[in-house]
Each structure stands twice: as C-alpha cells, then as structure tokens.
Amino acid sequence: MDYFVELFFSGLTRGSIYALIALGYTMVYGIIGLINFAHGEIYMIGAFTALIVSTVLSIMGFPLPAIIILTALAAAIWASAYGYTVEKLAYRPLRNAPRLSPLISAIGMSMFLQNYVLLAQTPDFLPFPALIPDFAFMERFAGVIGSSDLVILITTTVIMILLTLLIKFTRTGKAMRATAQDRTMAMLVGINVDHVISVTFILGSALAAIGGMLIASHIGQINFYIGFIAGIKAFTAAVLGGIGSIPGAVLGSFILGLTESFATGYVSSDYEDVFAFSLLVLILIFRPSGLLGKATIEKV
Amino acid sequence: MKPLLEVKGLSMDFGGIRALDHLDLRVNQGEIVALIGPNGAGKTTFFNCLTGLYRPTAGELLLTPPGGRTKRLGGLKPNLVTRQGLARTFQNIRLFPNMTVLENVMIGRHCRTRAKVLGAIFRDRRTRKEEKEIVAASLSILKELGLSDVINEFAKNLPYGAQRRLEIARALATDPLILLLDEPAAGMNPQETRELDELICRIRDKGLSILLIEHDMKLVMSLSDHIFVMDYGRKIAEGTPDEIRTDPAVIKAYLGEDMDDA
Amino acid sequence: MLTLKDLGKACLIALWFVVLTFPLMVIKVNPIDRIITWRWHNMLWVGLGSFLCYLAGRIWLARRDVRLRRIRQGLAEEKPPLSRRILQNPAIWRPLLAAGVLFFLAFPALFSTYQTNIMITALMYVVLGLGLNIVVGVAGLLDLGYVAFYAVGAYAYALLNLHFGLGFWTVLPIGGLLAATFGILLGFPVLRLRGDYLAIVTLGFGEIIRLILENWNEFSHGPSGISNIPRPGLFGIQMSLDQSITYLYYLMIGMVTFTIFVVNRLQNSRIGRAWFALREDEIACQAMGIDKTRTKLTAFALGATWAGMVGVIFAAKTTFVNPASFTFLESAIILCIVVLGGMGSIVGVIIAALVLILLPEYLRAFSEYRMLVFGAVLVVMMVFRPQGIVANIRKTYQVEEK
Amino acid sequence: MNLSAKITGFCAAAVLALGLSIPAMAADTIKIGVAGAHSGDLASYGLPTVKAAELVAADINGAGGINGKKVELLVEDDVCKPEVATNTATKLVSEGVNVVIGHICSGATKAALPIYRDANVIVMSPSATNPALTQSGEYPNFYRTIASDDAQARTEVDFAINKLGAGKIAVIHDKGDYGKGLAEFAKKFIDESGKAKVVLFEGITPGAVDYSAIVQKIKRSGADAVIFGGYHPEASKIVTQMRKKRMKTVFISDDGVKDDTFIKVAGKYAEGVYATGPADVTANPVTREYREKYKKAYGDEPGAFFDNAVAAALALTNAIAKAGSTDPAAIAKVLHTEDVATPFGMIHFDERGDATGVGFTMYVVKDGKYEQVQ
C-alpha cells in the first residue's frame, strides 16, 4: 500500500510539472490553432534565466526569500518577452498563411532557440541551486513526498485556479475566449485580436518559466535540451485532456504523470517514452478531441 | 419512369440542431431544377449531404441513370458519389489555386481514368493514351467554356467570372449525370450572368441535368423547369416558376428578404 | 530611402533585443564555483546585428513596394523570378544542365576521396529531400517522422545481412518495400487526421521506432548498434577504400538520376496531379472524385520507399548503424531541405540539399552554427518566401490545332 | 612500397590532379590524426584529447621531431556521430595520416574503424570503451589506452559482492550505448558469481523530469546496492532523490560518474557514492608533467580522458620513433612489445590492443572529493 501511495505522489509531481507546461500549449492552441512547438524552449529559457539570476543574486548576498521572488519574477518576465517576440517574428506574419506554415515556422523557432542557448551558454548540464528548502514539518513524510514536490503541487493548483478565474471573469479573459471562438467576429466587435494573442503568449510563457524554475530546482540541473522532451510530454498531456481546454490540460497532465509513474513502478521504465508516444498516437487517432475537448466540424 | 435523382426524407442534425428536416426532392433527366430559399435555409448543407461531405442523419438518396439500375448514394464517400455521376461547384469557389487552368480540369478526369503509380513511372502505351485523352477532353471542355486562351495560367490569377466558369468546367470533366451548381451567378455582373444563363442551357441541351442553388431570381425563373423552396431546413414549396411566383408560403418566407433582380 | 523614423525604430528594436538577450548572451554563471562571467561584447553584437537586420528588412520591403507600385502604374514590367527565367529558357538551362552533369560525372576524378565521400552524403540527402518532397511538398502532408523509414531501411540491410547474409543489391529493393509497408501501416490509421495532428503523430512514430531500436536488444542489438556491414558489392570484386567510395558515388549518382526521373514522371501524371490538388484543397479534391485516403497513402508509401532505399545505402556507406543516427533532428534537417528548396520543386530541393549539407562541411568554422541556421532557415523561409528558393513550376501544354 | 611512400604517391597525384594546396612538406612530416567530438554537446569529452595531442606534439617538435621529422596534427571533428565519423576517417585517410588518436565515442569509433583498417592505419582511442572493439578481433589496427567496459563492470561487481557483501543488487542504466553495455556486463557477472542476485534491471530515460518512481522501485526491491551504468547528470538526479527519500542504499557507478561535476551537482548527497575510475595517477611524474603543462597553457584543469590521450600520444610517437618508420607493421610490433612511460606507468599493448596496466580502481566520495578505496 505504501508503495502505491509513493508512486501516486511521484505521479502527481510529474503531472504538475507537465501541467505547468501544458497550459501554455493549450492556451495558444485554443486561440490561434497552432501547435507552438517552441513552447518547450520557452520553458527551458525560463529555467536558464532563473539559474543565471539566482546565481547572480546569491553571489551578491541576497537572502533566500528575496532570491526566490526576484528569480521567479525575472524568469517570468524574460520568458514572456521571448514568447512575445517569437509570436511577433515567427507566427504573426503567417496568421493567414496555410495551416502548416506556422507549424513549420514553430519547429524552426524551436531548433533556433535550442541552439541559441547551446551556443550562448553551454552544451553541458549545469547544476541548479535548490531554491526550495527542506521544510522541517515535511521530515515525517520524507519517504513519500519531498518539500519541492509539495511546493510544485501547490503552485500548480494555485496557478490553475488563478488562470481559470482570469479567463472566466476578467475583460482580458473574455476577450481571449471570444477570440478563440471566432477571430473575425471578435475583431468586428472591437477586440484587439493582436493584443489578445500577445497576452496569451505572454501568459503561457510566464507559466512555463515558473514551471522551468520549479522543476530545475526540483531536479537540480538543466541543459539546453530539457525543453524538447518536457515539451513533447506536456503536449501529449494537453492533447489527452483535449487541446484548447484548460481543465483538460491539467487533467491530461495528471493522467499522463500517474500512468508513467505506475507503469514504471509496476511494469518497467524501459519503454516509458514509447508508452507516452503511443498514448499520444492512439488518442489522436481514436479521439482527437481528447477527454474534455469539443469535436469540431469542418465548414465547407 | 423513375426520376434521375430522388431524395426521400433527408434529415441532418448538428449536435441537436436540425439543419435539414425530412426533405424530399426529385430531379428528372434533362431538367434544370432550382433550389431557392433565404440565407441559412440549409441549401448548401443539402448539397453537402448529397455529395457525401456530410453524412445525413436520416433519409435516402437514390440515383437512377437512364437505362441503369437505381443506386443508393447515402453513406458513400464524396469521391464515390462523384464517380456515380454527381459533380458540384462550391459557393465560395474552391479551385486549386496554384495549379494551371488546364490541370484543374484534368483533375476532374481523375475519377474516369485509371493510371496507377507504375503506369505513371514507366509510361506504358495505355497510360500515354489515357494521358492524351485527358488533355484532349479537358481542352475541349475549356474551349466550350471560353477558357482556351488561359490554359497555362494559374487558377488564382483568373478574374472572378472566369474562376466560376473554370469550376463548372472542372465539374463537367467528371462526366456527370447531374451538375450541382452552388450559387454560380454570385458576384457576377449582368453581362456575365447572361452568359452563364446561356452556358447552363447549353449544358442541359447536351443531356445533363442540373440542380442549382441561386439567389438571382431572374436567372432562376428564366432557367428552371422546376423549383424547390426551402426555409429553416424544410421544403416549403415546389412547382414551376409560375407556381412559385404566386405561392403565399414563398412570399412569406422571402418577406423582407432582398429579392435582388440585378 | 530610409527615413529618420526608420532609424529610430531600428534603435528601439536593437534595444529590445539587447534587453531580451541580456541574461543569456551577456551573463554566464558557474553556479558551483560561484563565478560570473560578463560578456559585454555580446551586447554590442546583438544590438548591432538586430539594428542592421531591421534596416535591411526595411530596405527590402521598401524596394519591393516601389517595384510593385511601378508595376501597378505600368511603369515597369513584372519580371518573372530568375529561377523561372532560367528554367523556361532552354538556351540557358541546357548548357547549365550539361555542365552540371559533366561536373558530377567527373567529380571523383577531380576531387579527393574525402570530397567524394562528402558528396555521397549530400547526394543521399538529395534523394531523401526528393522523397520527403513527395509527401510534404507535393501532397502537403507534414511528416515529421520521415527518419523512421530511413531507419527501417538501414536496419533492414544491417539485420538481413547479419542473419541471412543477404547482399546490398538484394536488400535495396527489400528495404524500400519494407519502408513502404511501414508507411502504409502507419498511414492507414493516421492519414485521416488533420494536418497538424498528422505532424505530431508522425513525430511520435519516428521516436517510437528509435526507442524500440534502442531498447530491444535481442532484435536490434540496442544502442551499441550493428557494425561490419558490408559495402555494396560489384560482382564480388575486391575493392580498396578509394575504389569502393568511387563506386558508391556513381551508385548514388544513379540513384539520384533514377529518383529525379521517377519523381518527375509522377508529378506530371494522374497521381501527381491528384497529390497537388490534395495539397491545394482537400474538400474540392474529394468532390472531384479523388479518393483522399488512397491518394495520401500512395504519397506516404512512395516517400517512405525512398527513405528506405537511402537507409540501405546509408548502412552500406557507414558500415555501422545505431539508433543515435535516427533522431528527430534528422527529420528536421530533411524538412529544412524541402522547405528551403521549395515545396514540390525538384530543382529547388536538389540545390537546397547540396547547399545545406555541403556548406557546413566546407565552412567548418561555422559548423557549430549549423543547427541554429537550419532553425532560422525554416522561420525565414516561411515568413518571407514560402515558395522556396526555386518555386515549383507546372507543366505547360500547347493547344494543338488540327 | 611501404605505406608512407604510397601515401606520398597518392598525395603527389592529388596535388597534380587538383592543384590543391597540400603542403609541399607533406613527405617530411609525420601526420597524426586527432578525431573526436570537438563541437556539439559532447565536445567536452573530445577537446581534452586535442589539447593532449598538441602538448605532446609541441614537446616532440621542440626536441627536433621524430627521427628528424616534425609531427603534424590533423584535427578532425566527428561530433560523436557514426555517419560523420566515416567522413572524418575518409578525410584523414585521404590526407595521408600515419596514425590516428581517436575516436572518442564507441559508436563513432566502430563506424570509422573499417575505413582505417582497409587503409592500414593504426588507431588508438583514449576513451572508446566498448569491449567488442578489441575483443571481437575484427580490428587488428585498433588500440586503446583505457580499459574496456567489462573490466569496469567486473571491478564494480567484485567490489559490491566481495567488499560490501551485497546480496541483492539493483542494476540501472541510462539506455545509452555506454551505460546499457556496462549494466549488461554487470548483470552477467553478478549472475555468474552465484553469491548475489540481480533484483532489478531497468533502464531510465535520460532527461526525464522526475526519477522518483524508479527510486521508489529500487527501494521496494530491497536492494543492498545499486549499480548504475551511465553518466553523471542522471546519476546525480537519482542519488539526490534516493537520499532525499532517506534511502541508504549503496550507490556504485562508473567512470562516467567519476567526475568532479558529479560531486558539485549532487553536493552533500554525493557523500559515500562509489565510482570506478582509472587508477589514481597523480603521483606519476608523467601525469604531473603534462597536467602542469596544460595548466600553464590553458589556465584550468584538464578535462575528461586527458591522461588517456597523453598516454596514446606518447605510445604512438614512441612506437614510430622506435620503429624508425611509419610502417604500420613495425609500429604495431613496438606497441605490442616495448614498454613506454605514460601517465599510467610503463605500458604496452596486449595482442588484442588493450593497454596493459590500465585498469580500474574504486573511488568513494569523502568530504566532497573522490578518494581511492584501499
């Protein structure tokens, strides 16, 4: 039984990590119908920015709480700036192009950003400082769940609630929903669609950056390639939940995280990724709208 | 004699919304039949069901070629429907923009030809002969529709009226029994509309039947042998142009509707 | 041509990029030894680079606008692009073609074995590009797992040779057929998916194949791969390294010629037209009586066939295969070739493959930037020139008056 | 006609045919190829070898060269990719190298070796540890100054069973060429020993976001010791998560983990981790000499496989000098029979091409440093 609980929590941690990235995929897809391939790279850039900023701050002698807050802010801001710039450079000019053009552009962006970080920083793994301290009260549960797991879980939950509130009740949120429904119509009723799309990219990127920082701190090291694998997994989760749907992305992430964890625990981790990819292929074939997504009919 | 095309009780639901409601319709050999109705009445949906792009919720679609057996079209894939002899044009022109005019028409010949991959690679005698026939047939159709001068232009570079005609040419290339035209006169000037009128008559005179969706009432009234009127997915009237002109239900449905005669 | 406003805007853009790239370009930390390296010079490069790029872009746009205006006003004639002028004028392209053919035939005699070897690699990418071009460029199906079929071919030769001692020439068609079979097996369920989902599914498939090769030791010898695969034979004649490379070179030239011949014929056939039409408009295509699934499947399988055959040649050339050669990046490189060359354009794809594979070899100093440039190429081509360097040209017909 | 004459002839022909600028000195130098990953994400494994070769070459040329001939280095990048390695090898062969130091990765080495074998060029790798390279007997032209993976696995297993008395061992690997190969040998040796049994044999996915599931599984398996085949990034993640879960299971790993970065990354959790590595040679004068030179030239500590590369460069140049020619057969004879002073002491090569006296010993992390286990 203990073993089950342990695996369950390890699956939850994994799921939360995927969720933080999957939200960005799903938001962008919901609004412009684009698989933002470069999203994983934004997550990676967020983690790198966090590493750089936190190291600089800690050398300058800031106290830990200040480091955490400032690092999170800096990572979110810079990642958002990257997200915004990527959208403007690589996707906006292609808004009315054939459907595959922005996707190819996104793949290009992903390769570009990966190699940009490789060249600007380093191809090697860099250790990431543990920003989350080991809480004393968690000591009792050390065998089951660690402090950083807990922080990741809570953060994901809070972010998901905030995001849902934002989209349900704020003006921006309403504009986002309207744009997702029908871009032309939204434009006609006076919504600045370009602005809404930018906001979506900024929000998604900021979430990914927070995710990047938390995960890097949890795992303890990063390199330029972490975005690709995490990105594909998160995308799988988003599709599983129904791409375009925010609760769907979270649900899908937890399902993927838990299945991976239990599959490793009770079967074998040899084919872990094969399993995830097969799941992705099967969902897309048999239920492309995912668990919570809506099926669409193509207009003729 | 059985009608060429018979539609019985055709219904189509989109997630609880009934777009077509027990529609009946007939097209006889050699007739021009028009389908009219206000915007949103379900005319294009009807075409989509007929040509297999949508799978109807209920109803029967029967096609009886002259001297042939009756075939059910319901549930067939679009390409097979076309093969059976229904060819269509689209309301919002769907040509292959980056292919030449001639190639657009040659695509229409696809379902009447058979060359396979190996044939295409080795270009055996049969394939060569077939290819020649495709070109010849396409050229003759283009000539008929007055597009001979532009055969090597990209379809996207044609003027609007010519694009409409090209779409008809492409549909004709599939050797249809019935030609389904979705608002062929939309956006045309009076001169072009007149030419279209003549063109449709010419096609009919060659023995084809035509089912037409059109808003241009002048064109509809002058061309049609028989008219069906739809509103809210239902058939509200049918008859000859004269009958329709005076039908109270039709007048009611169109009240406030812009009956543009231009 | 440039106004003060443009300069101001360029300064702002430069400033934006300087700030944007500041943490990653300027600061480098060593978190273990707690050392920070400040690389201020990078700031200058970024600023200057984005400033100039923006201005270059402005000038390009301005000139294009002027030209378009003059054309509209009838002051200038619309000039067809250079590539089309060359390709449509036999007086120009015939000598060019002849020179090209001569050059390629004489290549091994003119250059060293190493150069020949590099050229073989480039030619392999030409064929891969042409193969993927059928799928992506012609039929419009974005296949991100093309490398899986390449792997199927390579492992087909490696394993069939290992277990049954089959030779290169026997396996070459088998590899192609096997890849085609895989293409059909995969294509059957996935080809009804929408374009972007198809891309992701194929990506997943590519990774699955690689991971299976990596994990299933009993079958594929796992990550350590299979070595000592024989080079292609020629009636059992013993060949030295130089000779066998030269032989492989001419074999590849033959393969390229064969591919061009086949692809060209296919494109101008009933099947090829259906592929193009499918790319242009799927619904209209179906309404014109084209079987969507079948047409897509043919394209997918034919594209895979080429990948399979090149895979066999790859195994024979390297004499060693392991799963590390078949990553997603490989698919991305081939895609890059197709996009740069121009979707559906045979000449374009050939040029793009040669440029993208040979350039990094000869500009060794810049080889680090290879993948960076590949990424940038995909974005820039999509934004500025989606038709590629050599736009696809359709066959023209003459009306015969009898 | 010996090889160098052949090569000279070839070069002359090439110069005539091409007018390419191959140095006119061609015949008067001894060309040593240095091949390996010099760019990309594995560059840190390949670059130290280049530096080592440069240092040795500088020494020899400073002392007047070998038998009056200067040493010329031809440095070629293979990015650790087999398909690139064949190009690299072809290039080196066509430029007429006499011997090659490299390649770095086993896969690339395997792909390149047939080309060198056919051209009769002797190759010596400082780092390719795949056992088949020497044991298969297919590459008589191949030598290495590093012990093969099976020797390493043997050391690990012996240590776990005999020194630590482990009865249940979990064998984990990173699914890579190196890690998986090693793990398979470890499993084989444990099974053969009869004294312990493998309670878990599994591959993990490098780059995964979290390893806690596999850590739980290790815990459940009740293993006394974990033998991990792979590199330090994954090792540090697993060790950290194990220790955070209060698991005291002994962690034994390989040369890929015996790297100071591992200790720096894993921090306090690294304490008590065992890793095999080449015997500590810091006391050896040759080692000291070249490490000093490196520091003087580049300012920092030499990286991975530096000592092995120095050993390879010294062994090859010594063999050429002693043989008095660049004839491969003569060089091979010297390599097999005569001892040469290297960072690993006096070594020569056995009939399979493995260096004698280059073995593995066990290290343990103590107070933030790797210390040799007595």
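Note that the chains are named A, B, C and D in the order they appear, and that numbering of residues resets to 1 at the start of each chain.
Just so it is clear, a contact is a pair of C-beta atoms (placed from the backbone, for glycine too) under 8 Å apart; a residue touches a chain by one contact, two chains touch by 3 or more.
The structure displayed is predicted, hence computed values, not measured ones.
Asks: Within the chain touch network, how many edges lie on the shortest path between chain B and chain D?
Replies: Tracing touching chains, the least step count from chain B to chain D comes to 2.
Asks: Using only Cα atoms to place each chain's centre, name the chain farthest from chain C.
Replies: So the farthest one, by centre of C-alpha atoms, is B.
Asks: For this structure, which two chains have more C-beta pairs in contact than any other pair?
Replies: Result of the pairwise contact count: A-C comes out on top.
Asks: Just how far, in Å, is the C-alpha centre of chain D from the one of chain A?
Replies: Here the centre of chain D sits 39 Å away from the centre of chain A.
Asks: What's the distance between the Cα centroids of chain A and chain C, rounded to whole Å?
Replies: The mean C-alpha positions of chain A and chain C differ by 30 Å.
Asks: Find the geometric centre of each of chain A and chain B from their Cα atoms only, then give the gap between the two centres in Å, rounded to an integer.
Replies: About 48 Å separates the centre of chain A from that of chain B.
Asks: Quick check: what residues of chain D touch more than one other chain, meaning two or more?
Replies: Counting only residues that touch two or more other chains, chain D contributes 40, 175, 203, 261, 264-265.
Asks: Could you pull out the residues of chain C that touch at least 2 other chains?
Replies: 32, 215, 283, 368
Asks: Please output the residue numbers of chain A that touch at least 2 other chains, ranges allowed.
Replies: Each of 127, 270, 273, 300 in chain A touches at least two other chains.
Asks: Where on chain A does chain C make contact in their complex?
Replies: 33-35, 45, 48-49, 51-53, 55-56, 58-59, 74, 78, 81-82, 85, 89-90, 93-94, 97, 99-105, 107-117, 119-122, 126-129, 228, 232, 235, 239, 270-271, 273-274, 277-278, 280-281, 284-285, 288, 298, 300
Asks: Under the stated contact criterion, what part of chain C meets chain B in this complex?
Replies: Touching chain B: residues 262, 265-266, 269-274, 276-277, 280-281, 283-292, 298, 302, 392, 394-397, 399 of chain C.
Asks: Which residues of chain A touch chain D in their complex?
Replies: Residue list for chain A touching chain D: 3, 6-7, 9-11, 13-14, 17-18, 118, 123-125, 127, 134, 142-143, 146, 149, 215, 218-221, 223-226, 229-230, 233, 260-262, 264-265, 268-270, 272-273.
Asks: What part of chain D is in contact with chain A in the complex they form?
Replies: 40-44, 175, 202-205, 207-210, 212-214, 216-217, 219-220, 232-233, 236-237, 240-241, 244-246, 261, 264-266
Asks: Could you please specify the touching residues of chain B with respect to chain C in the complex?
Replies: 51-53, 77-79, 82-83, 87-88, 90, 94-100, 102-103, 106-113, 115-117, 119-121, 123, 127, 130-131, 134-135, 139, 148, 151-152, 154, 170-171, 174
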